[in-house]
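Supplied in structure tokens, the structure appears directly below.
Naming follows writing order (A, B, C and D), and every chain is counted from residue 1.
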Amino acid sequence: MVIVMKPDATEEQVRQIEALLKKLGLGVHISVGTERTIIGVIGDKRVLADTPLELMPGVDRLVPIVESFKLAGKTFKPEPTVIRIKDVAIGDKKIVIMAGPCAVENYDQIMQTAKFLKSRGVQFLRGGAYKPRTSPYSFQGLEEEGYRLLAEAARETGLLVVSEVISLASLEQAVKYVDVVQIGARNMQNFQLLREVGRMKIPVVLKRGLASTIEEWLNAAEYIMNEGNYNIILCERGIRTFETYTRNTLDLSAVPVIKDISHLPIIVDPSHGTGKWKLVTPMSRAAIAAGADGLMIEVHPEPKCALSDGPQSLNLETFEALVQEVAKIASAVGREW
Amino acid sequence: MVIVMKPDATEEQVRQIEALLKKLGLGVHISVGTERTIIGVIGDKRVLADTPLELMPGVDRLVPIVESFKLAGKTFKPEPTVIRIKDVAIGDKKIVIMAGPCAVENYDQIMQTAKFLKSRGVQFLRGGAYKPRTSPYSFQGLEEEGYRLLAEAARETGLLVVSEVISLASLEQAVKYVDVVQIGARNMQNFQLLREVGRMKIPVVLKRGLASTIEEWLNAAEYIMNEGNYNIILCERGIRTFETYTRNTLDLSAVPVIKDISHLPIIVDPSHGTGKWKLVTPMSRAAIAAGADGLMIEVHPEPKCALSDGPQSLNLETFEALVQEVAKIASAVGREW
Amino acid sequence: MVIVMKPDATEEQVRQIEALLKKLGLGVHISVGTERTIIGVIGDKRVLADTPLELMPGVDRLVPIVESFKLAGKTFKPEPTVIRIKDVAIGDKKIVIMAGPCAVENYDQIMQTAKFLKSRGVQFLRGGAYKPRTSPYSFQGLEEEGYRLLAEAARETGLLVVSEVISLASLEQAVKYVDVVQIGARNMQNFQLLREVGRMKIPVVLKRGLASTIEEWLNAAEYIMNEGNYNIILCERGIRTFETYTRNTLDLSAVPVIKDISHLPIIVDPSHGTGKWKLVTPMSRAAIAAGADGLMIEVHPEPKCALSDGPQSLNLETFEALVQEVAKIASAVGREW
Amino acid sequence: MVIVMKPDATEEQVRQIEALLKKLGLGVHISVGTERTIIGVIGDKRVLADTPLELMPGVDRLVPIVESFKLAGKTFKPEPTVIRIKDVAIGDKKIVIMAGPCAVENYDQIMQTAKFLKSRGVQFLRGGAYKPRTSPYSFQGLEEEGYRLLAEAARETGLLVVSEVISLASLEQAVKYVDVVQIGARNMQNFQLLREVGRMKIPVVLKRGLASTIEEWLNAAEYIMNEGNYNIILCERGIRTFETYTRNTLDLSAVPVIKDISHLPIIVDPSHGTGKWKLVTPMSRAAIAAGADGLMIEVHPEPKCALSDGPQSLNLETFEALVQEVAKIASAVGREW
């Protein structure tokens, strides 16, 4: 960290800060510039986490030099993390697809979808049992029954299952039924939930928050990893911007950025990222071309009857075409499908 | 709601939609334009909440006409809501101030602060027992002991207490100690927590989410009201934008907007809204001038020792000056302090 | 357009608006809902462009139904526009690449770059003669001499040339030397410049503004087309968001959106879109995968000596690798390179 | 400036950078941390403006320590700038109001408005002669005739005149008629226009760009000041965010920020900042309470006939009430009206 002093800071003030830092066991490096003095701080800055140095007399501001996350970063672990669940690997050469309806509605819907997906080589069945909805008057999900139906479909088809948890109670239910839990965008900074998922050691898809920077996202992963759970799959799903034509702005640059600074695998959800089914296939191609390890796609046998997010769901035919197009891109970037 | 058909929609497609709407008990009004046909839908659109009309053949998009919230809106209740807790009224002529440290640290800190605040006429003591922090390596709060210390300070001084809840477990604890619970920006769409606060009927400060529109904010209030709890105090605390000089961008326009479309009282938190103590006093004056019913301010007897958010905390002297300045603005806009 | 009346609007107020609209030659369709009355307006709404109907008594707000642009839209021209300049076609099956240094610096730099690009099959040489720079203390470009050097390099290599214009004066110079002028993000709403480029009929790359919606972008194109110049190549180059890790957020979803609602060709500039050379290749692959018709890339023989934007420039070796990777993606999506 | 080296940077790489900096006449301060080495650079960094140090081997990134603007900053000139035009001072104790219609339409409209404003103590008449409009089909202004009508109204009433310039040609016209030129949000980074306004030494209202940070705004001022024109009045007019209820998000925090880091006066335009006339009065009160030196307000004798921006214009009665409310706030913050 670098402490930038005010233009009119006194030598005495610089010395006070030096003394404080040394008392905390940190190294100090003072550099007197033409306009300002700056102080380099050397050592483990975690001892400063709760000391507001900004408020020491003469201090103008602090400039972080080292990233705030550790375990999620490449400095900690340079080689990519591959997560293995049964016979599926995420973050390896083969692309992974997680697909299914936004919300689990009933046995027929989920079985029909699951069988179709399995026949097309998809690895994961996704489906919501608890649905966070903007309005209290919208369908909120089948809750535990939803998880149960997913597990049943998984058992009959051999698919793996991923489903969202929105609270400690839903997490406790979910772990009985699913292979991977998902923490949605709205809960990316539900720190209690992050910690509990960390303790449970269950693989987790961690979606990026609507208004979260990449650094905050990796700090959310850090909460989980700090409890000993390293099985984290990051999922870019769009951020909120001024553009209203799309539901969110899918930030595909996050894919190569994550590959550059973190060892965790990353997938992309173009269904939520765009909010329009017509954009899902081109943005799926783009995601794989950008280097993503997989996709999460909303598929519904009859989108126009879907109880949630119908407008962004593909039907079975358009999904099948998507898989074929994505396969070609995977091959063009040296991946497999 | 208005359904906008595609330029090339057929008459048959229009008739299909008409039939569907009528079957659902809705009125239909068809208007054939030069470029497109539009269909006006009359009646309670909640029956359509989970029918993705966008996917019907020939439909281009839906345009909502009536706002998505009901109970929080002025159409439902035109006169302003005044919330009364013991002898304090929020939303009435007198301005309300909620002040205290970001985090409760120990008995001395909270008692010294409470006595000072009481002597300056402040109505509410605030302080965090559970702190949502971006990094897992930062101080996370005293948890239940924090609530207990707040309650003790309240008992000794006669102040009311407001403190944040971050989960069902913390809510169950909090209601034993505090007068008002706070739902923070990160939990504004933690719908389970909203519903439970709704059932408990305890007064609640509902902060606006970092990336939430005013409409989504009122929908979050709707979740609480839908369970029968109407004691909601909205709190504007800044939204996330591209500007990095301030921690967030305090959206003071939200104050007159809320006054125009909702009956709920609204306060402003310029401490989180700006992230810099130097900006807190001018933005407090501005908030009251814009029509806010009160303020939430971070005050710490020694900001430079604060375990959380020191850089945005006022010390006792600067807070005292703030109160005097705010009092003048209150009087200039026909309010009282 | 739909006029939404206030809940308490009177019948008299509805009739006043009806009368006004009819006087202007527009058709009127009134629909009385359970909460509000809405008025559908039929005919060419351009007669209303400067009549603030929002202020008529009883009106709550206006909802546009038809997009605000005409000539740039697919309703006006359903088939894609292909722009032909000498033997190069933009918007056709073959991908187009425009490459070169951010700023033209001297003869050697631009000739070395041009020869290399030509040998790799690139169609367009780009280079800035006038550089809009945030700080007045940064290099501002060689001005007319820059255009001259580009033209010389074009003549010797057979490349086409594209270069930015920032004012009427620079436009007058540019047309003497270049094949395509570029309107940069900061000038996307410099309406006088748009009109003049429209009158000159010279092909133009129109970059999206930093804070411009897709609709505003197409309206900027409309200014040019309204003067009779249809040779417009749209260029997505990133929008401003809260994320600071990348210089801008490259909005690749804009590519399939433009393909869906406009007939104009679209290219992508991942150099400005990300601001980091390491991200340029993956985002180039993604752009072509998303359906872009081409790329605009910053290449410099020695990026670390570049007078402008060095950190986002590729050197000749990395650019060569980019072209090979992009070629594979082009083929995977049925395009050619 | 601080140069942050990569974790794996070699000593040799550090020495190369040191050598380069010393050759350029800069001082160097090397600090070897536990994870990384950082290099403090001492001296006038303008010699580095076009050297992309980021690309030197071993460099991770650059961290600016001193702000990028000089002349606009408080370090350069600590005391506030007061701009005097005839008998009016901007930035002094007395609040300044600039008011008038969005667009000048005809003699009667502008004279009626001017006389009314003069009788209410307003100092400046504003009105647009050139109107930048999103759509080419909207009214674009009376051009030179607009300036002439403003000058005529000024002569008859004794008001000062401010009007927007959008190009060099309009600037040349404007200086013959107006006291203050305005550079609008869309032209905040039209650097050629900034420079020419700088050379002309005419007082200028510099509006903040829609997507401009405070630092970029002050750099735009720097362009003008660098040519010798110090008569700059900054004007906050709202930034673009995800919130759509208001036309823009008025960033009032910018007022105390500017007061903290710059010596230039700042006014606020709540008409464009909110886009809704109902919000103009509360946000005007808030602006003055936040410390603004004045206001720019759209007033039209008959907003519902306005050819531009009617929905955000006040009529004469509501404007008169605004002035009275603002006067009370001015007095509450120790200013005068």
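One rule holds for everything that comes next: a residue touches a chain if its C-beta (ideal position, glycine included) is under 8 Å from a C-beta of that chain, and two chains touch if they have at least 3 such contacts.
Fair warning: this is a prediction, and the values are worked out from it, not measured in the lab.
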Item to check | Relative to subunit D, chain with the most remote C-alpha centre | outcome: A
Item to check | Chain centre separation (subunit A, subunit D; CA means) in Å | outcome: 39
Checklist entry - So, what's the distance in Å between the C-alpha centres of subunit B and subunit A? => result 26
Checklist entry - What is the distance in Å between the mean C-alpha positions of subunit A and subunit C? => result 31
Checklist outcome for this item: Listed in rising order, subunit C residues that touch 2 or more other chains are 211, 240-242, 244
Checklist entry - Linking chains that touch, what shape results: line, ring, star, complete or other? => result complete
Checklist entry - If you look only at subunit C, which of its residues touch subunit A in the complex? => result 211, 213-215, 239, 241-246, 249-253, 255-257, 259-260, 273-274, 278-279, 282-283, 285-291, 325, 328-329, 331-333
Checklist entry - For the complex, which residues does subunit D have touching subunit A? => result 2, 4, 7, 27, 29, 31-36, 38, 40, 42-44, 63, 65-66, 75, 240-242, 244
Next on the checklist: Looking at the complex, which residues from subunit D come into contact with subunit C?
Outcome noted: 46, 49-52, 54-56, 68-69, 132-140, 166-169, 186-187, 189-192, 195, 209-211, 216, 219, 222-223, 226, 240, 303-311
